[in-house]
Structure formats: C-alpha cells, structure tokens
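Have a look at these structures, which come just after this line.
Both complexes below contain chain A, partnered by chain B and then by chain C.
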Partner chain A sequence: MRAYFKFEFIQFMFNKKNIAIYVILLFFACFYALKMAPSYDPIEQVDREEIEARFLTREDFLTNLVIDENTYPLTRFAAAIYPEWNEYDKQRLDAIDNNDLKKYAESTYKWYEYSDFMIFRNGRDLLYYNPRYYTAGNLYATEDGHYAYMYSASRFKGYAEGNSDLSMDVFEERTALQTLQRLLHGYLPLILLVSCILFTADIVLKDKRNPTLIKGFPISIWKRLLVKGGIALIGSFLTVVPLSVGFFIIAIQNGFGDLKLPVPIFSYEARAFTMISMGEYLFQNTLLILFWFMLLISLLLLISITIRNEFANLALGLVVVFAEFYYYVRGLGFVKDIQWYPSSYVQVGQIIAGYREYLNNSIELNLTNGLLVMSACTAVCLLITFLISNRRGFKYLR
Partner chain B sequence: MWKLFKNDFLIERTNKKNIIACIAVALFVFGLFFYVKVENSQKLIDEKASEYQSVASALTKFQTADAMDNGNGSDLYYNLLKQQRYVVNQSMSLKIGRPELYLESGIKLAELRASAFDLEGYEKVAANLPTQTENRLDTVLYQFMDKTSLTVSLDTLSFFPFLLNLFMMLGSFWFIFISIFSCGILIGEFRHTSLIKGYPVSFDKYVLAKSTSAMFFVFIFIVEIFICSLPIIYFYGIGNPSYPTAIFDGSFKVITTLQYIGITLVYMIFAAIFAILLSLILNVLLKNMYLTLFVQLLLFIAPSLFPALVSLVPFNPFNYMNFTSLLNGQSLELAKPIGLELIHGLICIGISIVLMLIAVKLFFTTGKLKKV
Partner chain C sequence: MMELKNIGVNFSGRDILKEVSITFHPREIIGLVAPNGTGKSTLMNVIMNYLRPNSGKVLFNNELEYTTKSNEVKIHKLVSMMPDQSDLYNHLSGKQHLKIYSSMWDSNPELIESTIKALGMESYVNKKTGTYSLGMRQRLCFAMQIVSDTQIMLMDEVMNGLDPTQVEIISQTLVKKKAEEKTIIIASHLLENLEKYANRIFFVKNGKLDLVEDIYKDLGVNGNAVIRIPEGTAELKDKLSVAYPELNIQLLANSVMLVELPKGGSGILEKVSAFLSENHKQAFSVGKMSLSDLYSKYYH
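Showing the complex of A and B:
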C-alpha cells in the first residue's frame, strides 16, 4: 500500500494540471498581497479628523443650547444623548494624541456600544451608522451597520482586555493574520474548495489512459480509492504553500499579528458577541475546511466510479459548492431548515464567526451542525462507494 | 463533409458529457426560477426604501447650518434634500399603485442627479448615490416610458421578464460554461491517433466537423433554455415582450425585451464559436484539458483583474465576452472610461474567429497528433 501511495503521490505532483493550479494560486496570492491588500479601505478605521469633526460639532451644539419649554422634542433628545457620546469621543481623541493604544481601545469599545444602542434601539430613521454602509442599492444597510458596530465593539473590548501587542494596523485589521481572517470571511473558502474539486476531478479517471499498467497492481479497488482520496486531501492542503507566500508578503508589510488577538463570534441565540482567540478561530476554520475537503473528495470518488466522466465531476462538484447562491435569501433560515443542506456551510469563515446565523436568522448554522452534516454526507458517499467497489462484477476501468 | 459530421454527431450523441451539460442547463433554468420566486416580489419597493436611507445618510455628511439661508448653503445639500423627496414620492406611488406619479418623480429625480454630478463636493457622497451611467440609463428609460405612456411593471415572474433576467445573468456565466464544456474537445483524439489518421479526410476538416457538432450542442442548450422556461407561461402568463430596457451602445438608448434577448443570443453564439475554436487551438498547443481551461478562464478575467487593459487594448475580444456588463455600460465606470459598442464587439470577436479558422486551416495536420 505504501508503494502504491508513493506511486500515486508522484503522479499527482507531476500532473501538469496540479502544477498549474499551484502556480495560479501563487499568482493570486502575490496579486492579492501586492495589489489588493494595500488598498484595503476599512469602513471602521482610526480617523482622527472624522472623530474630531463630529466631536466639535456636537460640543458646539451642547454649549450653545438653551433648553426651555419651547424646545423641540428632537432637540431635547439630542441634548440627552450627546453628552455621553461626546465623552467617549473626547477620550478617543486624547488617547490618539497621547498614543495610548490601550486607552483608545477601551474608549472605542464604549463608543461603539453606545452608538449602536442609540442608533439601533433609539434612533431609527433619525440617526445613522457610518454613511459608507448606505451605498446605493444596499437593501440591508442598517442591519450591516448594526452587525459591524457590535462586531467592532466586541473587538475593541477584546483589545482593551487582552494583552497582545496593539498597533494601528491591528485596529484596522491589516496584519497578516487578520487579513487571513477577513479572507476566510470572504471568498478564500470558495477558492480552496474549487481547487479541491480540480485536484480530485481526474484522480481516478486518469487511470483510463494506462489500463494495463493499473491492472497489475496487487491492491483492491476500495483501498486504491482510499489512497487516491488521501492524496487528493494532502494535495488540497498543500495549497497552503503557495498561499503562504502572499501571507508572508503581507506580514512583512503590516506585521504578523498575534494568535492571541480576539475574534468576535456572534451568537444568534444571545443576540450578542463572545470572543475566541485568533488561534482557535483558525483551528476551527481548518477543521471545517478539512471536513469540506473530505466531503467533496468522497463525492467525486463516488461520481468517478459511477458516471465515469470528468466533466460530470467538475459540474456536480461545482453545483454542490455554488448551490447556496440559488436558495440563499437573507433571513431564510427562519422559515426553512437550511442547516441540513451541506451547501449552507460553504462560507466557512462566516459560519465560524456566526455571521451566517445573523444573516439567516437561525441559531442552527453553527460549527457543530456543520461538522455533523459534513460527516454524515461523507459517510454516506464513502459507504456507497465501498458497496459499489466491492460488488462482484464491478470493473474499475471500463 | 456531411457524412463526417453525421458520424461525429452519432458519437457525440451518447457522450455523457453532453447529457450532463444538458441537465446542468435545465437545472440552471429551474434553479433561477425558484430563486426569482423566493426573492422578494416587492423588490422595487425595497430598493426605493434603501435608496431613501442612502440619500439620508449622504445628508448626514453635511452640517445642518449648510441648509440655512445665511449659512454657506451648499447646492449639493439642497439637491440631495430634493432627491430625498422624489425618492419618497416614488416609493409611495408604488405602494398606492400610481405608476404615472412614479415616472414623473423618476424623471425629476434623474434630472436632479444629473445636475448633482457637477456640484462641488460630490465625491464625498458619490458612493451613496447611483453612478452617472446608472442614472443615464434610468433617465432614458423613464423618458421613453413617459413618451410612450407605458407604466412601470413589477412583474418579474412571467415568461419574458424571466427570460430577460436569465439572459442578463448568463452574461457572466456563458463563456465560462462553454469553456468548461469544450475544454477537452480534442483530447480524446490524442489518445486514439491511429484511428484519426485512418479517416479519409484531412485533419483540419475533421476538426471543423468536430467543432460544428459542438456548436450544434450549443444550439441545443439555447433551445433548451427556452423550452425549460415554457412552463412559466402556464403559471404566470407570457408578460410583455416589448417592455423597454435601457442599454448603452455608443449612446444611451432604449430597446425592447425581445431585442435585448436577440442581442444576447447573437453574442452567445459568437462567444460560443470563439470559445470552441480557442479550445481547439489551446488543446493542440498545450495537449491538456485543464491547462486549456485555466488559460481560457484567466484570459476571461484578465480585463477585470487589470481594468487598465480595457482602455489600453479596446479591441481585445475578451472585453466583450461579458455582454451584460457591456450592455450596462460598465466600461464607462473605469478609471479611464471608454465606451465599448456592441457592433465593435461583434467585429472584434468575428475577426478573432476568422483568424482562428485560418490558423486551424493552415497549421492543423495529423502530424500535430502525438500521443500524450
């Protein structure tokens, strides 16, 4: 078996297609690190001028305000809520001027918490989140802002209470680890899963080209498939190698970050954020991605020995990965049990961070359910593959 | 030639790849139908509500003092205030069912926006408002509807609106789909060289017959799209085939749904021929199905990765492959705006097709077939 493993592994690594995938990933990693990462423009940034402009206007309003019985109710409302708000802004300004990052994190945390409370609970249609959430055509701007403010509040609370090194890059989520976190929240999982499909698509069917050679191996078909699956899994994880080049470029530019940095996790049940460390977040992501790889590989092995067509492998694999786009509508989890579809877990980082729970109004879209669904589907695929490959009269090559 | 084509078609007919591709197309149509159905049927009303929020949050960037007559009253602030009012008008007119008011305020809104682009400090609020191209598209649409006294339709599920939606979506997928479909077109031949060498026709003719039969399947896909959409007529009716849609084609103009579908069909056929011929050539050069696919996809996304390429090489046929963004005038939104026109796209793709055909005629010999 070990000899067969070696044989397959060498074939895998010298396959033109696989080399091409690694090269393309390397290109994208460098492209991202050099061109896109530096132009990242977060909405929640450390912007002294923005804070100061807001602070001075409100301060001016408060000092000039005289409240009597004729005062308009909204003016009273403003006079009631601005003093505390301004206090936090003042603390933030002072912290920036004194370069006291810890203090800045603390007052920013309070600022976000207070702002979100005021805007979301008390100030509907009067107060607004950062205008950049209200881009033309965004139907859910208020919800986006609400999530982002709660997220930022939790994040800065973590910075204030934790003991990791702080910097402006950490505050704006620019360090290498935080960039990775943002990418996992975005389209990186899709790229990894598509690479996995491409790696696995021909791993069985390439044997059609050299049937006589393959027939000579003294190894059962089921074991052969397992070895192939294992190699596809290793190959899929090796995508980390070209991608890490981009990671190190960002680390050189903006710092590495810290594995102890807090990552806010949303829980729909509590409607609030808790925190886990960056290391744990990455570990959970890796775990879910591992289960995804296993599911895709076992599915493609099954398709390879039943339909025996590479195009079918590609098409069906892509259907599984992209199926969510078809049925995804915000808030759907409330009315439909989408947590039982494996394709609901494609956005790995968003599942771990609880963002999918927020989007779907569902408490079920979490890591545990994800692992459960993934492993159940993998087991079913493997079982069918096992039964088919052990059936009498089954021909590996046809 | 006819016999050859028939022979090829008989082989291809039972090819699993074609059957799966047909199933995939059917899945796409039905899936899209359910997507449109689940998606809010009140979409236009929701859009107007979010538009209101966007304008309102743009207004928060101004000091209230700006609005006072003795303040430094910014023109843009007044403009945005008026915009907000017309957005509310539009939203209300939809809710109470007065489409003529919707159009009327739509025209005024578009005019206001058009004048706002030149006002001082516009870049500050640009992200909250539609782009200039989107606004121009709205303007011509509203003006046209006003002139022909058509009313706004909220209907997205009946036959023609659904098809319009579908073909708009195909813009970004079609080339990718055909690339995946055709990327292995000649790979089988490399494995059975002795068989191919035995055919009593020249290799280039054989290759052309092969691509003709692939094109035949492309036509089947297109017909399949229409057939799969037919049940919608039964459930939701046929819809209005001459409902207007605004496009950019050198200038902003209005065409009917039927014309839009016609244009996309022509583009789809051109893009399919282009993709198949490109697959052929890359197959012979690279001798690997996946490398062919990767090269094609990289060429396809190159204009979006490096937007500067579009204005640098306007005659690149890949600028025109995503026909939906072409018709939306997205090339006008680039850092260096360039107005790509439909007919130029067809000429570019057409010339590329002719060049590739010449290359196939001149250079394709059985000598290229070496076992891989």
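Showing the complex of A and C:
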C-alpha cells in the first residue's frame, strides 16, 4: 500500500492539470495580495475625519439647542441620545490623537453597541446605519447594518479586553490572518472545493490511459481507491502552499495578525455574539473544509467507478458545491430544513461565524450539524463504493 | 504451478476458447503461437482475471482461484503480465518505472540494477520514456516484468520491435528466469526463437490449445525427414504427385512445398532430387519440418 501511495503521489504531482491548478492558485494569491487586498475598503473603518465631523455637528447642535414646550419631539429625542453618543466619539478622537489603541477599542465597542441600540431598537426609520449598507436593491440593509454593528461592537470589545497587539490594520481587519478570515467568509472555500473537484475528477479515470501497466498491481481495488482518495485529500490541502505566498505578501504589507485575536461568533439562539480566538476560528474552518473535501472525494470516487466519466465527476461535484445558489433565499432556514443539505454548508466561514444562522433565522446551520451531515454523506458514499469495489465481477478498468 | 480447468470464453456467440484444460509447471517456458485474434491474449486475460471466462477456472498452486477480491490480490502477487509499451508514462524515466514495479511487488531492489545491466539499458534508463524508441520501450516493459519477479510471467509479443541481438539478450534472460523456478508463458510470432527456448509450444486454433508435438504426430511427420522446397508451385506439386504417387506432398501457404520421406524409403531422396533438378529447382533442403512450416500448414 505504501508503494502504491508513492506511485500515485508521483502521478498526482506530475499531472499537468494539477500543476496548472497550483500555478493558477499561486497567480490568484499574488494578484489578490498585491492588487485587491491593498484596495480593500471596509465599511467600518478608522476614519478620524468622519468621527470628528459627526462629533462637531452634534456638539454644535447640542450647544445651540434650547428645549422648551415647543420643541419638536424628534429634536428632544436627538437631544436625549446625542450626548452619550458624542461622548463615545470624543473618547475615540482622543484615543486616536493619543495613539491609545486600547482606549480606542474600548470606546469604539461602546460606540457601536450604543449606535446599534439606538438605530435598531429606538430609531427605526429615523436613524440609519452607515449609508454604504443601503445599496440599491438591498431589502435587508438595516439587518445587514445591525449585524455589522453588533459584529464590530463584539470585535472591538474583544480587542479592548484581550491582550493582542493592536494596530489600525487590526481595527480594519487588514492583517494577513484577518484577510484570511474575510476570505473564508467569502469565496475562498468555494475556490478550495472546486480545486478539490478538479484534483479528484480524473484521479481514478486517468488509469484508463495506462491500463496494462496498472491493472495487475497486487493491491485490491478498495485499497487503491482509498489511496487515491488520500492523495486527492493531501493534494487539496496542498493548495495552502501557493495560497500562502499571497498570505505572506499581505503579512509583509499589513502585519501577520495574531492567533489570539478575537473573532465574533453569532448565535441565533442568544441573538448575540460570543468570542473565539482567531486560531480556533481557523481550526474550525479547516475542520469543516476537511469534511467537505472528504465528502467530495468519496462522492467522486463513487461516480468514477459507476458512471466512469470525468465530465460526470465534474458536473456532479459542481452541482453539490453550487446547489445552494439555486435554492437559497434569505430566511429559508426558518421554514425549511435546509440544514440537512450538505450544500447548505458551502459558505464555510459564514457557517463558523454564525452568519448563516443570522441569514437563515435558524439555529441549525452550525458547525456541529455541518460535520454530522458531511460525515453521514461521506460514510454512505464510501460504503457504496466499498460494496461495489468488492463485488467479484467488478472490473476496475473496462 | 498453474492449472486451467475447462476454460471457455465466448464473445457474441463465437467460441474464443473452448474447454481449455492445461497445467503449467515451474521451470517451463511455454510458447503460444497463433494468428492475431485467435485467443492468445484472451487466454492471458483469463489467467490475470481481466476477463471472466464463461466456464471453467484457473487454479494457482493447487489452492488459489479467483473466487474473491482478496484472492485476486494474492494471485496477482504470484502472476504478472508484461505491460504494453504504449502504456508507459512518458514523463517518467525508465528507472522510475522499474522502481514502481519493484516496490509494488516488493521484490529485491537489487534486481533493478542487475536487470538494467543484463538488458543493456544503462545509457537511456534515466531518460524519460517519451524519448524512447519502440525497441527501448519494449525492453523496458520486459525489464519491468523481470523486476516484479513473480512466480508466473505472462508476456504478449515480448519480442516486438526488437532487433536480433536484443531478441537474443531477452531470450537469455528468460532462460535464467526459467532456471529460477519461474513459469513463463510467451505469445510470440518469432517461431524460430520459440523453438529454441520454449519447453512446450502450443498452437491456438478453434478455441483449443494444440501442443506442437501432438500436431507433428497427427500429421504423421514426427521424426520423419521432409524435403523442403522454398519456392514450390501447384504445377510442380502436380507433376511430382504424378511421378511419385506414393509420396505425401504438401504445398503450404508460404509457397513452401514439403515432400515427406517415408521411413525406410531409401532411394526416394535421390529420385526426388533428380526430379527437382530436371525441373530447375536446385534449392531445397532435407530435414525435420520447421515450426514455421508447420504453422503455415496448420493455419492454411
């Protein structure tokens, strides 16, 4: 088995298609690190001018305000809520001027918490989140703003209470680890899963090109498939190598970040954020991606020995990964048990962060259920593959 | 030891192999000879279990047969089939191929170097096989099977694309392997070579394996001398038949004419020689019927 592993691994690493995938990922990583990451423009950023403009406007309003029996109710409302709000903005400005990052984190966390409370609970249709949430066609701008403010409040609270090294790059989530976190929240899992499909699609069927060389090997078909699956899994994880080039470029530009940095995790049940460390967040992402890889690989191995067509491998693998785009609508989890579909867990970072719970109004779309569904599907695929490959009349290569 | 018991293979109603029963022993080189498409490769595929026979079974060392997948693995440790040269990985070197086969069968790694040396592959074995000529590829495939060092070795057209020197080198290697208690089954069209090294040669016809010795006996030519006329014609045959009606005269597909000399028929050789001289046929020889002639006669 060890010899066969070595043989297959050499095949995998010499495969032109696989080399092309790694090269494309390397290009993508460099392009992202050099072009896209520096132009990252977060909605929630450290903007002294914006804070100062808001502070001065409100301060001016409060200074010149005279409240009497004729004062309009909304003016009274503003007069009631602005002093505390402005106090937090004042603290933020002082912290920036004094370069007291800890103090900035503390006042910013309070600012976000207070802002969200005022906008979401007390000021609906009167107060608004950052205008950049209100994009054309976004029916959920307020909800998006609410989530972002809760998230930011939780994040800055974590910075204030933690002992990680702080910087403006950390506040704007620009460090290498935080960039990775943002990418995991976005399209990086999809890129990894598609790479896994591309690696696995031909790992069995390529043997059709060298049948007489391979057929007589003294190793069972089941073991061959296991070895091939293992190689595909290792190969899929090796995508980390080209991608890490981009990671290190970002680390040089904006700092590495800190594995102890807090990452807010939303719980739909508690309607609140809790905190885990960046290290734990990345570990949980890796775990769910590992289970995704195993599911895709076992599925493609099964298709390889039944349908025996590379295009079918690609098509069915992509259907599993992208199926969510077909059925997903916001809030669907509240009315439908989508937690039992493997494809509901494709946005790995969002699952771990609890964002999918928030979007789907469901407590079910979490890591535990994800691992359960993935492992159950993987077990079924492997069991069927085992039974088929051990049938006496089964031929590995026809 | 390998025993084929009543092996029958049928494709679309046509019998490719019919009730084939035969035993192959260690220290044996077996030659399989037949025109293309008569069942040689099918037989090898059945032995490897690449093809499941419609009837019968293959028994290895009196105990193992293809009843389960785990048995198949055990059997494939004992028996190997030479890969086809077109299936080599062009991006790997010859030596890498040899290492793959050696490690897959867990054979003695020293066999790699000794085989490279024995087959004269030192100059190119480290180059990628994509740069190899047909003969080099063929030698590599042979070497791969040698380093696998299995008890039974199946070789389909092993001498294809090889020059006479290489054929001789490979033949010597086969003889050495035979001395190491191996059973070697070769399908080949190099009849003279087979005649020289094979312990038993079978012709495959109508789904049956016919031992050459038996064919000789059946033809009544075993042990008898024949006059072999390379450029025979139907006209010459007719003339000779009229002149010597007691003689058994055959005109083969390869235009060779065989005149069987009966035992104790002294004087006939001189008469036939004179007859041939009169008919301007100076080139002829006397001796046992060659395998090549037998082949032509058998498949005519």
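What we mean here is this: the second predicted complex is superposed on the first by the 398 of 398 C-alpha atoms of A that agree within 3 Å, B and C clash if a C-alpha of one lies under 4 Å from a C-alpha of the other, contacts with A are read in each partner's own complex, and residues count from 1 in each chain.
By definition in this document, contacts are C-beta pairs under 8 Å (C-beta built on N, C-alpha and C of every residue); 3 or more make two chains touch, one makes a residue touch a chain.
No experiment lies behind these values; they were computed from the predicted model shown.
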item: Joint occupancy of chain A by chain B and chain C, clash or fit; value: fit
item: Which superposed partner A:L198 touches (first chain B, second chain C, both, neither); value: first
item: Residues of chain A touched, compared between chain B and chain C (which is higher); value: B
item: Superposed model, angle subtended at chain A by chain C and chain B (C-alpha, nearest 10 degrees); value: 80
item: First, second, both or neither for A:A136, with chain B first and chain C second; value: first
item: Which of chain B and chain C A:V329 touches, first, second, both or neither; value: first
item: Which of chain B and chain C A:N309 touches, first, second, both or neither; value: first
item: Which superposed partner A:F31 touches (first chain B, second chain C, both, neither); value: first
item: Contacts of A:K6 with chain B and chain C, given as first, second, both or neither; value: second
item: Touching partner for A:I219 - first (chain B), second (chain C), both, neither; value: second
item: First (chain B), second (chain C), both or neither touched by A:P211; value: second
item: Chain B and chain C, minimum CA distance [Å, superposed model]; value: 8
item: Common ground on chain A, meaning residues reached by chain C in one complex and by chain B in the other; value: 209
item: Complex contact set, residues of chain A against chain C; value: 3-4, 6-7, 10-11, 14, 209-222, 389-390, 392-395
item: Interfacial residue positions of chain C with respect to chain A in the complex; value: 48, 50, 52, 66-70, 72-74, 76-77, 79-84, 87-89, 91-92, 96, 100, 103-106
item: Sites on chain B touched by chain A in the complex; value: 16-17, 20-21, 24, 27, 31-32, 34-35, 38-40, 46-47, 49-51, 53-54, 56-58, 60-61, 63, 125, 127-131, 134, 180-181, 184, 191, 288-291, 294, 298, 305
item: List of chain A residues in touch with chain B within their complex; value: 16-17, 20-21, 24, 31, 57, 125, 128-129, 131-142, 198, 201-202, 209, 307-312, 314-316, 319, 325-327, 329, 332
